Amino acid sequence: MIRGVVMPAPQAPLELREFERPALEPGAVLLETLASEVCGTDAHLWKGQLAGVPYPIIPGHVSVGRIAETNGARDVDGNALRDGQIVTFLDVYGTCGRCWYCTVAHATTRCPERKVYGVTLSSEDGLLGGWAEHIHLKPGVHIIPLPEELDWRAFMAGGCGMPTALHAVTLAEIAFGDTVVVQGAGPVGLCAAVLAQLRGAGQVIVIGGPAIRLEAARRFGADAVIDIAETTPEERLERVRERTGGRGADVTIEATGVPSAVPEGMRLTRDAGRYVVVGQYTDVGTATFNPHLDLNQKHLDVRGCWGSDVGHVYRSVRVMARYAAQFEWTDLITREYGLDEAQEALEDVAAQRVVKALIVP
Amino acid sequence: MIRGVVMPAPQAPLELREFERPALEPGAVLLETLASEVCGTDAHLWKGQLAGVPYPIIPGHVSVGRIAETNGARDVDGNALRDGQIVTFLDVYGTCGRCWYCTVAHATTRCPERKVYGVTLSSEDGLLGGWAEHIHLKPGVHIIPLPEELDWRAFMAGGCGMPTALHAVTLAEIAFGDTVVVQGAGPVGLCAAVLAQLRGAGQVIVIGGPAIRLEAARRFGADAVIDIAETTPEERLERVRERTGGRGADVTIEATGVPSAVPEGMRLTRDAGRYVVVGQYTDVGTATFNPHLDLNQKHLDVRGCWGSDVGHVYRSVRVMARYAAQFEWTDLITREYGLDEAQEALEDVAAQRVVKALIVP
Amino acid sequence: MIRGVVMPAPQAPLELREFERPALEPGAVLLETLASEVCGTDAHLWKGQLAGVPYPIIPGHVSVGRIAETNGARDVDGNALRDGQIVTFLDVYGTCGRCWYCTVAHATTRCPERKVYGVTLSSEDGLLGGWAEHIHLKPGVHIIPLPEELDWRAFMAGGCGMPTALHAVTLAEIAFGDTVVVQGAGPVGLCAAVLAQLRGAGQVIVIGGPAIRLEAARRFGADAVIDIAETTPEERLERVRERTGGRGADVTIEATGVPSAVPEGMRLTRDAGRYVVVGQYTDVGTATFNPHLDLNQKHLDVRGCWGSDVGHVYRSVRVMARYAAQFEWTDLITREYGLDEAQEALEDVAAQRVVKALIVP
Amino acid sequence: MIRGVVMPAPQAPLELREFERPALEPGAVLLETLASEVCGTDAHLWKGQLAGVPYPIIPGHVSVGRIAETNGARDVDGNALRDGQIVTFLDVYGTCGRCWYCTVAHATTRCPERKVYGVTLSSEDGLLGGWAEHIHLKPGVHIIPLPEELDWRAFMAGGCGMPTALHAVTLAEIAFGDTVVVQGAGPVGLCAAVLAQLRGAGQVIVIGGPAIRLEAARRFGADAVIDIAETTPEERLERVRERTGGRGADVTIEATGVPSAVPEGMRLTRDAGRYVVVGQYTDVGTATFNPHLDLNQKHLDVRGCWGSDVGHVYRSVRVMARYAAQFEWTDLITREYGLDEAQEALEDVAAQRVVKALIVP
């Protein structure tokens, strides 16, 4: 039997349950879990803030494991997978490739068929989340081996924040030498701050908190940090302008989850600059802005960024492997928890007591 | 002596004053005015809604004239200008080509040196606006001859709405077959509706009013019009979704001047669509939106569009000339006014009694 | 029994064979063929100029038909299909959605799994080409209904030239008012000349022949045509420069199939212009160019364009329907042939005696 | 009197001449030269391979100096310059900001008015090149102060290769994790290899020679180098494919000056990849390619890259300052020469005996 952590319903205590070893369909893989992430989304799931979740679920949408069994599966590069390989996989499953969004709009993250491991797949259908000893990768799941130079702990330090940030930073179209402001110092914000340097930013300013996260931002190369708890919006605007010849950031990336951060981010950005909003993952209310001053006269470019696709994870693996000597990825991991400590992990993440928490079965 | 209409101060009655014929610097041109536009901006000027205006001014920023005298000036294509030629010119004067915005950001419409004929140049400095018998084109003003196949009345029917809309529609990156919603049926909105067809839109839906303008939208090819006065936002959203398989517009272009139109436009646009805001020309207040639903989860791309440059006017002239057989441009002109009727023209425009009004000295 | 035209091998005479009515898998459709195109590709197939063709095949990759039977299939918009509907479909079948090209590079036309109806599917596997009374649309084939305002003959007049040209013109990123040169006056070239107008080109110049095709170019709105048989490359360059202030075309689109056209096209394009190469469909030899003069110093942007995807066909349908009143699409069809006249049709196309030939069973 | 090195005519020996100290026009600056580059362009100038050069000239187009005198000049950020500041400047002078290329095409590097310090300005007009004790910066020259954290020697190590490479790498649109091949290991190629890492490339492969330059490529982070002298084109293609799952480079950047490198580079690049050609600076002959195989079927994107503008130099300064701890820029400098050693410097550069040579007066 295989043990897995089940979230039975919003607010209900997590439970450790046993599952049978699944029979593998052609193209499927059984993964022995090495680690699975506990991220802000899991806290949202537990609070019941996401719609369309088929509780009970096994949480854990970004995971890494060793192949225990494979029934003829191949990786994204088309190579046959073999037992013992260490791989990750895209949590998104079932994007149809046939609907209007997939084929005409080329916006696969909007495909209505997409399901997400650990989020929108029920534990009644099997081991479809990462907080378990094994994970059942259905046929068609996009599997990506980790290169030798990328330790699995290092990869998990990025977790789902890395492909999310990679998507956002790609949309941000940073030019060499640009000033980049990142709003938010959680996993997405920290990854964005790193990736901005890997786009040749001229300076990276991280706005957020608490201190533990701002220190991490410093260690990961931020040129300046601004503590959200110790400044007013006016002061933050003033600090950014001081460092940019009075103009504001060329590019701002929002990763906060707080609605009022959005109009503030518009103001932090210079005229004709670009603003990417990636942190408004749940509906926690509205914000007020001035369409003339904050958008139209500014000639501002604002981009909402939702979801990741295969390419974002594939590229995250490549980047983390290539620049592993330059950035101490594992430094982002605060603590590892056993399956029976999942409840504690969830609460630590919800309270922002940790930067990154892992379940290590 | 040369007669010109002067706006002495906000709210003060227009006056007809006399000016001396200017001596031309090398590279300057004296234009005999054929027509100058009365546009919404002039109403804003009169109401005192724009900052930094050096009253008294001669209004009129988009004009066409016959060259009365030239001191060695050349047009944008580099050809020497000659007496009698019918030309227009970019109202923007003095963009420096040396500042950070001009040279590094390539955002010339944000150059702090730019002045605008008829808006930010004072009548104390001469004939620097279009509502006059002659206009003094300083050295460096960008001059564009009208091709023979483009009657000057046809060109003026587009007025400043055409390059503004051309800029917005360019930013909108319409793909072949896209559904385009235009919010607003004034000169910018109508021009945007035409230009969307010249990008191969699959359908163009104009939302606005009053009836006289929606009829013009119909004549200029709109596939559907929605009267703002007879519908609620929910009904408008419903109508757009009915025509788009439930998805919303691929591209929406805002040209209304009303802040609440902006969040509405975000909702009218489909997931992963694009929204261009060009109509929020003055500060008339704030708007409220939901960053999660309206921007982030939608994966929406929002672009503020400010100002025109030489290319926009040059391309407007080319497009209006090429498609003059297809679109009856002059149909946009409601009435021509003499210099001594300028006050009436201004009030007709402010009250939206006309689509396009011209001063014809 | 169902009759279909079979091409047994390169150079071998076409044969009329009988096929059994297929049983439909879930998601499949049986189409009663209304018409199928005879295009240049079919001539290449017959001459054996394409690699990887599993002869015998039923040619015909762009077709339109009436639904005779459906086993629960849906169209690209997600709507259930019903008997009697008139539809077309993307000839490309089997793009995997899982390989590196599909998921990381987002270059689905490079997917190694893609097969093409009428080209790389064998008649031994059934009615998988359009020159037959019925066509078997396998599950997953992308099906697009024709809107009422688009007659099926009008749609077929575009044939595979329209989505090919739409792809090329999209890559060409034509700006409003640009001068567009199209090299080649076959179906792709003519469609490109039309679509350039639907991007707001300032003028469209078609270079090609013979006279029958140049006349068609004129009727479809080309501002100028240049007969390839009556001019030297130097004369053509001279003519284009005369019409562009000495600069050359802003955008050039190649649709000729002749290697030497490519360096000529580079020279016809202005400095910092864009050149799209879509007509080099088979390997007929090399060309020589000067990398300094023709590419580097010109700051030229050159784009090879290969294959179409669902979006190109979907958008073609939308555009042809929307602008059917403006362009007399059926004017492109020279002749319709019965199934038993397929050999004659093929030879007429190979000899360029017709603009567009249809098989109408 | 001020001493400067003059190149009297192609092939003629360099001469040391004396110039009078110029009187400064308003907006002009007199720079005390700290260093000026000897680059491949100077070798071309000396061999007479560039057209339109008004010999005699003072060579030296990329230089750094201390402000000796200023008549009210401002830097690109708009700040007043002051005596003693260490600055560089864009060698391009006189871009008009009014012609069609400047205003409509937004292709300022194609402006017919642009002159280049050290290349197309004659020594008969003054100290308009860098190989002199002082340089006369005319009004309107774009001046950029070096930040404190960027030593002037470090900046000069990049020289004109850095903004050239920055332009090319920007055009290359590298995505995170891409494989980037750089053809050529001279100053432009080495800078491109560094900048590719600052765009998050997954691996960088440098093809070139001789050994001294490939060692520099290794030190500057290249993941692999291929010696052009020890491999055939087929072997190089094989090596690149081995490292890319058989596909080829996502992005290739050419910086060789050898025409045959261009078709080779097309083949080194994967289907639907991108190829930037920046090294074909002079006309040294033609190349042959197969438009079907090398361009069209490959769906290849090829971009010629010519000239730099203010933004490229401004951004180079920012990037070199920000990443000075990571890349040992001065390591690129092989040797410094006095004014009276200029002839030797020129010959060393022409013979590729050095990576980067500086004149230090």
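Should a chain be cited, it is by its letter among A, B, C and D, assigned in written order, with residues numbered from 1 in that chain.
The criterion applied here is as follows: a contact is a pair of C-beta atoms (placed from the backbone, for glycine too) under 8 Å apart; a residue touches a chain by one contact, two chains touch by 3 or more.
Please read all numbers here as calculations on a predicted model, not as lab measurements.
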Pair in C-D, B-D or A-B that repeats A-C, with over half of contact pairs matching by residue number: B-D
B-D against A-D, pair bridged by the larger set of C-beta contacts: A-D
Averaged-CA centre spacing for the pair chain D and chain C, given as whole angstrom: 43
Separation of chain A from chain D, taking each centre as the mean of its C-alpha atoms, in whole Å: 39
Residues within chain A bordering two or more other chains: 77-78, 100, 105, 245, 314-315
In the complex with chain B, residue positions of chain C that touch it: 77-79, 166, 169-170, 175-177, 195, 197-203, 223, 245, 314-319, 321-323, 326
Chain D residues within the chain C interface of the complex: 100-101, 105, 107, 109-110, 245, 247, 250, 259, 262, 270-272, 277-293, 295-307
Contact footprint of chain B on chain D as seen in their complex: 76-78, 95, 97-100, 102-106, 140, 142, 309-311, 314-315
